[in-house]
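Encoded as structure tokens, here's the structure I'll be asking about.
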Amino acid sequence: MTALLSVKNLSFVKKPKSRWFKKSKGFTLHPLDFELNSGETLGILGLNGSGKSLLGKLLVGAEKPTSGEIYLNGQKLLGDNIKQRCLNIRMIFQHSNESLNPGLTASAILEEPLILNTGMSPIERQNKIEKTLKLVGLLSEHRFFYRHMLSDGQRQRLAIAKALILDPQILVADEPFAALDPSVRSQTINLIMKLQQDLGLGFIFISHNIGLVRHISDRALILQDGKVIETGKAEAIFSWPKALYTQKLVNSHHSLINPKSN
Amino acid sequence: MYLNRAYQILIMCIVLTLSACGKISSVNINDAGIIYCSEGNPTSFNPQLDTSGTTSDASSHQIYDRLLNFDPLTGKIIPALASSWLVSSDGLTYTFQLRRQVKFHSTDYFQPTRNFNADDVMFSINRWRLPNHPFHHVSGGKYPYFTSLELNQKIDKIERINGYRVELTLKSPDSSFLANLATDFAVILSKEYANQLVQQDNLQAIDNYPIGTGPFKYINYKKDRYIRYAKHSDYWRHDSAVEKLIFDVTPSSSLRLAKLITGECDAIAYPSQSELNVVREREDLTLDEKPGLNVGFWAFNTSKPPFDNPKVRRALSLAIDKNALLETVYFESATSAKGLLPDSSWAHQVDLIDTSYNPVMARKLLIESGISDGFSMDIWAMPVERAYNPNARKMAILIQRYLSEIGISANIVSYEWSTFRQRLTEGAHDSVLIGWNADNGDPDNFYRPLLTCAAIESGTNRAMWCNPEYDNLVNQAVLYSDTKDRISFYHAANSVIAEQVPLVPIAHAFRYRAHRSELKGLVINPFGAIRFGDVTK
Amino acid sequence: MRRIDFYEDDLYPSPLKHTWQEFQKSHIAVLGMWILAFFIVLIVVGPFVMPFDPLLQNPNAVLLSPSWEGSGSLQYILGTDSLGRDLLSRLVYGCRMTLGISLLLVMIAMMLGVALGATAGMAKGVRSSILNHLLDSLMAIPTLLIAIVIVAILGVGLVNSMWAIALALVPQFVHNTREFVRNEMNKEYILASKLDGARKLHLFFYCILPNMFELLVVQCTMALSIAILDISALGFLGLGAQPPSPELGAMLSEALKVAYKAPWSIALPGLAIFLMVLSINIVGDGLRAALRNRLTQ
Amino acid sequence: MILRTLIRNTNLLISTLLILSLFSFVLAFLFPGDPLENLSGLTNLSEQEYERVFLAYGFDQSYVTQFWIYLNKLFEGDWGLSFASGIPLWQELSLALPASIELSIYSLFVSLMIGIPLGFWAGFKYHKPADYSLLAISVVSYSLPIFWLALILILIFSLSLGWLPLSGRVSLLFDIPEVSGFMFVDIFNSEIDNKNAAYISALKHLIMPTLSLTIITAAIIFRLTRRSFIDVMSSQYIKTAYTRGLSHTQVILRHGVRNTLLPILPLFAMQSAVLLTNAMIVEFVYSWPGVGNWLIQAISQRDYPAIRAGMLAVSSLVIVVTIMTDVSAKLINPALVGENHAEN
Amino acid sequence: MALLDIRNLTLEIEGTSGWMKALDKINLTIEEGEIRALVGESGSGKSLIVQAIAGTIPENWVITADRLTWKGQDLLSMSANERRKVMREEIAVVFQNPVLSLDPSATLGEQLIESIPRSLVDGKWFWQRAAQRKEIAIKLLHKVGIRDHDSYLNSYPNQIADDISQKFLIACALVSSPKILIADDPTRGMEISTKTQILKLFTKLNQTRQLSILFVSHDLLAISSMADSMTVLYCGQTVESGKMSQLRKRPLHPYTKALLDSAPSFRKDLPPRTPLATLEGSMPTLQHLPIGCRLGPRCPRAQKECVKVPENRRVQEHSYSCHFPLHRDKK
């Protein structure tokens, strides 16, 4: 069986540049491989500057890899074919607030990918929008709302709706919960897990929150400075971390949970 | 020395800090000089070269003297550099006895070593008379006043009898000859200065850095800004002139009046007719007014079609309502002109019939001459105010309106004054609103420069009109010294003009000059330029 | 006053409507808008209600003072000028001309400027920096200077001065659009649309333009007041509209010749320009404040 | 970092000046008439003379060479002659430009002295009557058409009250040689007897033009300052400064003022173009012998070399001022110096 | 005696539809040497409480309290000057987003040094005082764990990392040896290692200097390791307050429980990939406040009585405001 998504030898090099007396830092993402099956969640964990967001961008096509291939259902994804990619791999951004256009209503926001990527008629589009809104737990009245009229949780749901509206197979989420309040966060996590089950989505979850990654991922991938430190079953990694770096991360997480007296 | 500088800096700072404190009592330095707000830039400082009033104002009576002068009050010819003169009985030979002890200006570019004498007279007249004179071609080599009157042709010879006596012989008698020598244009230059310039190979300077015998000497000139003169302390006539004379070049009449009110000018040229009452009403200002020897007219360029057709010209003359123009442009400070001569001239023809406003007739004439669907033409309007036309642009706008009624669309064209005149002389215009200020009281001074063939060349015939019949009449007229004989010739000339319409006479305006009341001795000279030699404050 | 982000208004207006609500809170701004509306109505219906042709000269009624003064007549409410033309009609036509042309110019400049600015804002690398440099140098040249140069090439006249002013207005639009677009391009919602496969044209018209609308309106009011001032200044200096056309600046300079006899003929055109610019500026200020309020909420 | 800013901006300056001089070169071809005459200012030349000038300007060679020769001539100070006066343009400009600069500097100075304190005051009284009235006054004054304002000032102060002269820089009765072009300097260096009277006369001539410019410029500066101050005072670090126990005065003096002025300094530079435009109009109304008046005269006289040179001089001046202010604002603003991610 | 004692603090704000109670009968006490966590989601009014204590509430808002005392002195009746004196000498505040809290145009050194009050330096001449100030500043930096003081003192805020800025702000706050440090979400948006460092610093300061800390946050992960006690806010009301350990073990209020449950890390017993317990819906806005217990509409245990405002009940050191608390039904 071919994996839903398989990444082979993916790497990215940005050379340090020095032009006009201005230096820009370089960054290297060392070659990495992983696979993702449908219904499975891959957690990517790392600190700032570890390259985890870059990896997300490479997957959805916002950046072009230096080398390596990405296969979807065994079919190679081409770098310049945005359409092919966005029908299948969709991104959920960290700040739902910023990833939604403030000047458009919810229905216009949701309609945009449909206009760009499908040949649906306006009525079909409206039906699809309504369906998707319901799917993420919003009401069809919400389609007349602008971004600023929605609460945090509703915004995040709308962002998810925007990701789902093209019926993708894979969701890539870059820190989707970091800016949310705890209760809203729980709601959203539940929603995503439910959708994943219902629709059989592959889910790539990029975060620095060990607790969350551990809870929702099947497998995890630990990144440091562009290198894969450790990869494997999430449970195993966090219970028995092998790499020193992972141990450090897990320990600092534990020190937060447990009261100081302990 | 250092202390002095420090003190100045201190004063400067105090002045700067006090700036907001309103009116600061100023030290009165106003007595030291006179500021005259003139209306434009002179083209040079030699009135021989130019008939424009601006040039004459800036030089004729300030920097130079003539052999003879007009008495500004009576108009009689009085002695100037020539203390006396003798006319032979056949009217051909004139002998001038020159004044002694007349000193030329001493400036930083020229220091005279001798007084004025016959050589200077010979030089000055020969310059415009003889085409082979070394200075004849300097500054363009055109002497419009003299050539338009054909004076250069008329003089047979000029001889130096001795250092202070000169004899002039004409080819034919000319009753207006002495008057011409008294005009603004017949100024006396310095031969010695000319010699110096020849050595320096800088002939042009004679017209731009002038040396004369007049009450003021030239200090400097900034185009569009000012001309500075200083008192000529060895002036032969008197010692009453003020220390400084400044011409403040101010083309806008409203600005001139404003400056007069604030005291930035002591006297102004051409107060706008519309605002004369302002001057009349104020006690600190004085308005001088005199009927002027002038005519304002609308001349057609008869060398260009369709204006070469007298019918078209007549049509145009019928299309405008002169009375309306008089009212709105001159504010009734002028009389309607039927012919070239103003009422005050002895040759004025009382029974001359004025053209009337008749657009129907005008249209008919146009159709007769084959122009039924109109055409477009340019009206050139002077950018400056003149006594004979205080607001040519406004008049042009009015005429534009009248012309549109007979199907002619008119463009109004205007350039800076000296460019304007230059291009007029080239004949680039279709029609022009301009006029003529007499330089002397002789009717010849109207008829000859305005419409004779010779005047096309010299650039005063704005109609570019050459009519042998007319020329003949005008030439005949000056051969007689009896006014009755001459009048008949001029009346005949009038009918030629009325028939051919090379130009439409519009108005004879009054002459005005406004000055601050503390200024004494400024009189309007009906025959020419302003003179500040006798003015005191 | 500080507002706190979680206490949102009961009503949920669209961004545009929200700005409008904020705008209406300022009475002065609304007043300014009414004055502006009055001017706009005037320039539309003016020709139908004015008693005289602005070019009609009446030699019998030269320099009449306004009707409330001594020599005034009710026929000419605001008096006449030195050629006997009705000042009221001339003023109305003048406003029509000055404001109408300014509106036209601003529209042209806006379209040009936004197109260029959007291109510059979305372009990267050398092309964008060359464009930026060119724009910066263009912006540094004073309007009047551009006008003088154009007038020198093409000759004096209203149309030529319009070219000059339109040219001078464009850089402002380009600059602001460029900044805005460049700012927006870094935002996540643009990235999101890009990942949806949006092309640049779509990005600009579908995503950025709706958010830019108010900014453009504000920018237009600024440009409009500049255009009015510039057109009338050029008319005044004799470089723009030429007499007898009833352009306010040209009227003013014509009136200088009769400044003493008819001071109202200086006062009135100036006042008209001033009121137009003032109302536009007030509206612009109000809009800017409303926009700021909306964005900080 | 500083070096980088300097070099970048020097590059910018040089390339912009180059573009401007190219533009002025092209103008000579765009203007009506003979490009050679428009470049050199020499008219009515005899055939030999024309030939000589033709070669001197490299008109027998490619446009690039011509431009190169033109650039060289610009550097040598040979900007051609004026059609109208026949005087070298460089000489005319070196008198006209200082007159404009003098006027602009004085009014900028006064505007800053008025606008900045009032801006702070209004920002301090944010949403109070004092703020509202100052704001209203500022809207009114920057909506005034400058030429009308100047005329009204003349009507009031010159014609009705007779306090102030309405044209020129100093009474013409003072024969002050124009050397530097700056009136007070020239008076100081002149040899006339009555210098103090001349200072006073120059000052009286200065008041109204400065005032007309100031009314508009000060309003703009006031608004910039006020807005900036309000923004700064509502920022987090000002609140933090208060909770750090600093007194009101300390907070405003140490943090408020500096942060208010730093971001608006470059905006003042942007105003220099507006200021100069206004100054040019004011010059026309008050017959101030500056570059604006000079250019407007040049238009009416079809003096193309003068327009070409004036355009180049004025726009170069504005560019230099803008870039210099920009650079100095960057150099003294630590928030910009330290920026690692400067754009393009 | 409690350092800070707040009893029934109510804050009313005028909105478009009349006056709204942004804070409704808040109770909060902080003992000497205690670290108290103030927990609530955004919009619960945490920052308003901080503002009320610091005295930076806008003048047109109405603030009332039965008690708002600092060491027994009533803060509300103090004059502005006295209040500022207390703020300067005894209460220090640190805000979230350290970079915005620092003047971008002044070096860190300048800002730290100007915070040092005149009373701490006794030099006669200004250069002596300047030297003393610098010495104090360096000491302070060492205290907050910044060693490389020279380079940081001369840096501008935009040149340094978040955590260093926050440490600087803490150093500024510590200048006058305050009794209490109010930290308003100081670790918001920081990543885990940075967060740990700041939290460690707080703990250390609390232990070594007997510094009381009011730690305001929504981030349970940050709080639970260091706080002694916790007060939970919901929508402008205090819902529960008590010892940290007790609250974690046996929360009485349904909201507290939901909050704790939302962090999977606290629930070792929770199998991976199972739904988290949540409360339905979201926090109401100020215009739509429910009557009585504001959690009412979302509360799984809500009954009719919940339309009345629940009283504040106490069980030893543990107080709660709920009609139907958890774990208590059986009794």
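Each chain carries a letter (A, B, C, D and E) given by its place in the written order, and its residues are counted from 1.
By our rule, a contact is a pair of C-beta atoms (placed from the backbone, for glycine too) under 8 Å apart; a residue touches a chain by one contact, two chains touch by 3 or more.
From a predicted model like this one, the values you see are computed outputs, not experimental measurements.
Of all chains in the assembly, those touching chain C and also chain E are A, D. Hopping across touching chains, the smallest step count from chain A to chain B is 2.
Separation of chain B from chain E in touch steps, taking the shortest path, is 2. Of all chains, the one whose CA centroid is most distant from that of chain E is B. If you compare B-C with A-C, the chain pair joined by more contacting C-beta pairs is A-C.
If each chain is reduced to the centroid of its CA atoms, chain D and chain E end up 54 Å from each other. If each chain is reduced to the centroid of its CA atoms, chain A and chain E end up 32 Å from each other. Between chain C and chain D, the centres computed from C-alpha atoms are 24 Å apart.
With each centre defined as the average position of its C-alpha atoms, the distance from chain A to chain D rounds to 55 Å.
The residues of chain B that reach two or more other chains are 255, 258, listed in rising order.
Looking at chain E, residues 42 sit in touch with two or more other chains. Annotation for chain D: residues 300, 302 touch two or more other chains.
Chain contact summary for the complex, chain E toward chain D: residues 54, 56, 84, 87-89, 92-93, 95, 97, 100-107, 110, 114-115, 117, 155-156, 158-159, 169, 172-173, 175-176. Residue ranges on chain C touching chain A, taken from their complex, read 8, 12, 14-15, 187-189, 191-198, 202, 206-207, 209-211, 213.
Residues of chain E touching chain A in their complex: 41-42, 189, 191-193, 195-196, 199, 203, 218, 220-222, 224-226, 244-245, 248, 258-259, 261-266, 270, 272-273, 275-280, 282-283. Of all residues in chain D, only 84-85, 154, 158-159, 162-168, 171-175, 184, 188, 194-197, 199-201, 203-204, 206-207, 287, 289, 297, 300-302 touch chain B in the complex they form.
Note for the complex: chain D touches chain C at residues 12, 15-16, 19-20, 27, 30-32, 127, 136, 139-140, 142-148, 151-152, 155, 234, 270, 273-274, 276-277, 280-281, 284, 292, 295-296, 298-300, 302, 304, 307, 310-311, 314-315, 318-319, 322, 343-344.
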